[in-house]
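You will see two complexes here that share chain A, one where it goes with chain B and one where it goes with chain C.
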Partner chain A sequence: MKKIFISSTGVRSGQSLAAWCIGEMLHSQGLRVGFFKPFVTRPVSDNGQIIDKDALLMKEYFNLPEDLSLLCPVVPEEVPGDEVAREEQLMQIEECYEKVQKDKDALIIMGSEKIFYEPDSPYLPDGVLVNKFNAPVLLVDKFQNENMSMYSVLAIDSFLKDKVKFVFVNQIPLELIDTAYNKLVPFFQKRGTPTIFLIPQDRILTSLTVRNIVDIIHGEVLTGENRLENLVESTSISSSHLKGSLHLFRRIYNKIILLGLEADTLNTPLISSKVTGILLTGGRRPAPIIVNICGDLGIPLAVTPFDTFVTMEKIQKQQTHITYKDVYKLKRFVQLLGGDEAIQKIVFQLDELDKF
Partner chain B sequence: MSWIFKINHLSAVEKEGLYRILIPPSIFHRFHIHPILFLNEKRERLVRFYCPPKDNATLIEVKQDLADQDSIFFVQVSDTKDRTQIRLDFIIVNDPHSERFNTDVDTLGKDTLFGRANRNIPEEIRAMQAGLAPGQIKHGLRFTGEFLQCLEHFCRILGIKSILLDGLFYHNSIIYERYGFSYFEGFKMMRRINELFQPGSILCEKLDGSTPFRQIGFHKTIRGRSWAIHDGILRDVDDELIEGGWSSPQMYKMVDKTRQICSFPDASY
Partner chain C sequence: MATKILVVDDDELVLIALEALLSPNGYEVTTAINGDDALGKINKKKFDLMILDILMPGMNGFELCEKVRALDEYKGVPIIMLTAKSGPEDKKRGMEMGANLFLPKPIAPQQLIDLIKKSLE
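Showing the complex of A and B:
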């Protein structure tokens, strides 16, 4: 069975998307893919039970038969710090791992959000788990600068005794991509391992969908339900974005305009932002003419009970997590990684590692 | 890069420091709000700013009480394509102690879009009888002049040369004329309206009491004319310049340069 441990140098690095991406690559080769994440690091309550968002994503997308409590068994609140408890945790993890890996050709194992040791962390360090499962590691690094990425990879690889086989350096600002490429790729090529992939910052990957925003603000959709997958890159209260029949919205002061890409233009991400949705704040119902205009133009229109200030605060503070519905992000990530060529490279290397 | 967009990228303290200039100082004094901390006597913060990075508009709201439905002061300004201009999108001033007239929503609670989509006639009648103009839900606080001085001061600091706005209603346009605004578009319409409201002319004759908003004598006041126009009196006249009814004029003011435009001489409010 092929296995790979997905780890991260810090929070919001793209670790979940990377895990999903590797799973999909292996799945596309006809392999039966499984998922295991020892600790709940992205908790969400489901009927009174704490489950992990990553485990939920993988279970739903890969249609995994195992219960979520097997896919991701240890809830952090249940983690005391003493040695006995840690031993118990490890036993529980091993037990679940044995069940989850059964009848699988490939297993994605996901670590916590930070591989670097933190004394007060409720999780067992990823290093312990990597050794336990004896799995090659894919490290996801959110780019800060070339030196930081180099240092992080080398330090972690040394600590894990050369187990880091792949590195995704993610979210590189476009203006720095050439510099990063020229510095990082030759360095790691010369060294031999790990195989490094550079992923630029991308408007599609960083956007929310109108549906995400409607959920965040408890919105009621009045029209445009079939366009809720439109992307939202930014918001505005300015009427300067409203042309043609949308000009009437100038008479509405309790509005927030959502700007981004329409769902059906995701393959042409170079086009400029347009109005992909409109929120009416303060709970006031709009005049029928307003609903009709949006309906005619196919622009989602939603009403939220919160005023403009509170609505914006909620949108800005909320950190949404990818779900199985965000397949466009998965496809985009694979594309940015290098498409088929990257898939072949990763799958081939995992095959080779599996032989030893 | 335009100014509001640029300011919105500053730190919260810097942004608020600049945008506070837009709040008429009398508001702080009258409603006992600390002008620096924006706190009332109960130490509640009553001023809110909407000015996120990437947006080219800002919104400032002052309430007397956080739980109040309506603001005392609500202003939105935005950038235009020309960085020497600023657009005043909305300015709403409400006296919190005055009665509320629900002219902004119809009987089903839906937005009337200032009467463009629908009208709440019973509430409009009550508002008119209470001395309000179209579009108002409460009496104002007579802060428009002071606010425009604040806006000009803000422009002066940033080197912005002109202020643009739409005169939403007839009375708004006349008031902005008095504060030195001129017209990009709509002056001919405004002048024609004045001609047709003269005694013996068609608009004056149509003030025949056929609706509560078309009373005899309404041609003499800014507010009377504005209610009649809001009621659609212009659409009842066959005239090339006012064809299709009221259309909000586009107005502008050059900072520190007051124009003497007057489309309704010797008018009383």
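Showing the complex of A and C:
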């Protein structure tokens, strides 16, 4: 069985997307892919049970038969446990691992974003788990600068005794991609390992669709049903007591507008067809004329019961998480990674590692 | 004048990693592959801070730390032990030998930079 441990140098590095991407690559080769994540790090409550969002994503996308409590068994305490507690955690993890890896051709093991030492972390460090599962590592590094990336990769590879086989340096600003390439790629190519992939910052990866937003703010869609897959790059907030604020509509492209104003006062001729969507916050329903105009222009118009503050908070929170519905992000990530060539390279290398 | 740091580790990867991290932050980094190499370099140049590994063939980090502390011009120089050997007993021994900080590997880059800055204050 092929296995790979996905670790990261910090939070919001793109680890979830990387794990999903590797899973999909292996799945596309006809392999039965499994998923295991020892610790719940992205908790969500489901009928009183704490489950992990990554485990949920993988279960739903790959139709995994195992229960979520097997795929991601340990809900960590707020404070780190003692030696005995850690031993118990390890035993529980090993038991679940044995069950999850059965009848699989490939297993994605996901770490807890804790590869660097942290004295008060409630999780077992990824290093302990990597050694336990004896798995090659894909390290996801959120780019800060070339030197930080070089240090992180080398320090972790040394600590894990050459187990880091792949590195995704992620979210590199476009203006720095050439510098990063010229410094990082030759350096790691000369060493021969790990195989490094540079992934630029990308507007699609950081965007939500109108449908994503409507789902998370429990919105009711009044018009523009067929344009709910439009990408939303940013948001503008308008308000009834900002004079002339509706002029925003003239300047907006690919934005979603949250409106807390009296819907009847919408200055309809100013609504541009390039607006990605309009949300009316506070549960107010617009006048029929607004609905008609948005309908004619095909602009998604939705009403949410939440106020503007709560709506923005929910949208911002969601932007750091992906769900199985975000297949467009998965496809985009694979494309940025290098498409088929990257897939073949990674799969081939995993095949080779599997032989030893 | 740039602050001079001596890094001692038998793992070349760690030396490259620390040099890659510290040099762009304005530090002048010298590396040594073992205790003898380090003592040789100390004789030629005065360093402002030292980062030592513990597990090294020949002279280990504790022994090196003790020898460095015995030199008059190194009595007040900050010594950081950066090691995978991080039990409480090791920490105690490191402090007894004169280390100022005992940090487990691997340590996050920004955290290390902050601690170095603090040690040099």
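Assume the second predicted complex is superposed on the first by the 294 of 356 C-alpha atoms of A that agree within 3 Å, B and C clash if a C-alpha of one lies under 4 Å from a C-alpha of the other, contacts with A are read in each partner's own complex, and residues count from 1 in each chain.
To be clear about the criterion, a residue touches a chain if its C-beta (ideal position, glycine included) is under 8 Å from a C-beta of that chain, and two chains touch if they have at least 3 such contacts.
Quick caveat, the model's predicted, so the values are computed rather than measured.
In the superposition on chain A, contact of A:Gly10 is made with chain C only, not with chain B. Put simply, more of the residues of chain A are touched by B, taking chain B and chain C as the two choices. Shared-chain residue A:Gln316: touches chain B; no touch with chain C.
Legend: residue contacts after superposition of the two complexes on their common chain; A:Phe116 is shown touching chain C, with no touch to chain B.
Residue contacts after overlaying the shared chain place A:Ser152 against chain C, while chain B stays out of touching range.
Residues common to the contacts of chain A with chain B and with chain C across the two structures: none.
Against chain A, in their complex, chain B makes its touches with residues 48, 50, 52, 54-57, 59, 61, 74, 76, 78-80, 87, 89-90, 92, 105-106, 108-114, 116-118, 166, 168. By the touch rule above, chain A contacts chain B in their complex via residues 234-240, 248, 250-253, 280, 284-290, 308-309, 312, 316.
On the side of chain C, the complex with chain A involves touching residues 11, 13-14, 16-18, 20-21, 23-24, 84, 86, 103-111.
The touching residues of chain A, counted against chain C in their complex, run 9-10, 115-117, 127, 145, 147-148, 150-159.
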